[in-house]
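Labels A, B and C are assigned to the chains in the order they are written; within every chain, residues are numbered from 1.
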């Protein structure tokens, strides 16, 4: 059993879902490990991870709109407002989605379903460079 | 350290929670591994995983009703509507719950709390056959 | 490759976020394993885990207030009411957050981002003693 690490750097363009399935798949494929477990960990409190449908781009737009409505900016409830109207909503959106995902790997490929893509979910208005730590364990 | 894989096939009967703790526990118990880490991964974007109370069945009904109200069908917000009124809500419900769960294993048993069960959360109206990939690593 | 287990006991004081990053960091640091994967698993259906900002305490207050409003007590929707008005909301809040977190470890430290802390999210009104099972795998 062996392990290997990397970090994916993802440049976002404001709120919404950024597909990085391809980068992850290439790294897994390029490693010496055929069967094992991949873990992705977003090193942020205003961007998170989700598995979502990779076919119709409208899904990503609908998801962003749903979260924008569920967790509105300028909500009188928030006291943490100094970092901008999108900051506290970003923290709530992180709590409601995932910071980490683990995906089994067989024969050099993640066992994603046909319609599953791996997305970084950016919750801030401004584009950012985000880091996702990755760990692959296997043989 | 060794690893083993399987896939659980779960037949659902429409929206709601399907307990498959027993199948998972039997597989873990039947493996040669006594101590380690189990990971479950739902290979879908319209069904997800949750740990929930396994005692009162009303909890499962309340949970389904809560999500049905929080993520309504026929919401004017959705553009992704071609696959039916329950499809985009299913994607949102997946983002709000979990696609993957990892559970430590000690002496051949998952370290679940007394009231914890493992559930597949079906988000489509129609019954489906769902696949949950499983990976057990340990010794 | 080796593994080690422990259980963190966390005493809460009612609803809200309890930071236990320090306890976890000390256990990881004190283990013989330098590089690997840490997994935390909350053994409860009315307390969960989240990664959140560790700087401004207002974030934690805002998060608790957001969830209290999103998942209200005394909601006519609930049938599971025998264990108190805060019990079914606690189960819903668990489904909306995480029961488990996995974090890569490098050189004896979790790869948390600068602003990330690990929190137990208590969802019951009364203080409780909560158990978080931990597993560290690595070399």
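In this text, a contact is a pair of C-beta atoms (placed from the backbone, for glycine too) under 8 Å apart; a residue touches a chain by one contact, two chains touch by 3 or more.
Just so it is clear, the structure is predicted and the values come from calculations on it, not from any experiment.
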| item | value |
| --- | --- |
| Superposition rotation for subunit B onto subunit C, Cα-based, multiple of 5° | 120 |
| Same-site or different-site touching of subunit A by its copy subunit B, using the half cut | different |
| Approximate Å spacing (C-alpha centroids) for the pair subunit A, subunit B | 20 |
| Junction residues of subunit A, two or more chains touched | 1, 70, 96, 98, 102, 137 |
| Subunit B - residues contacting subunit A, complex | 1-3, 5, 39, 41, 43-45, 70-71, 75, 77-80, 82, 88, 91-92, 94-96, 98-100, 102, 131, 133-135, 137 |
| Contact footprint of subunit A on subunit C as seen in their complex | 1, 35-37, 50-53, 56, 58-59, 61-63, 65-67, 69-70, 96-98, 101-104, 106, 111-113, 115-116, 121, 137-139 |
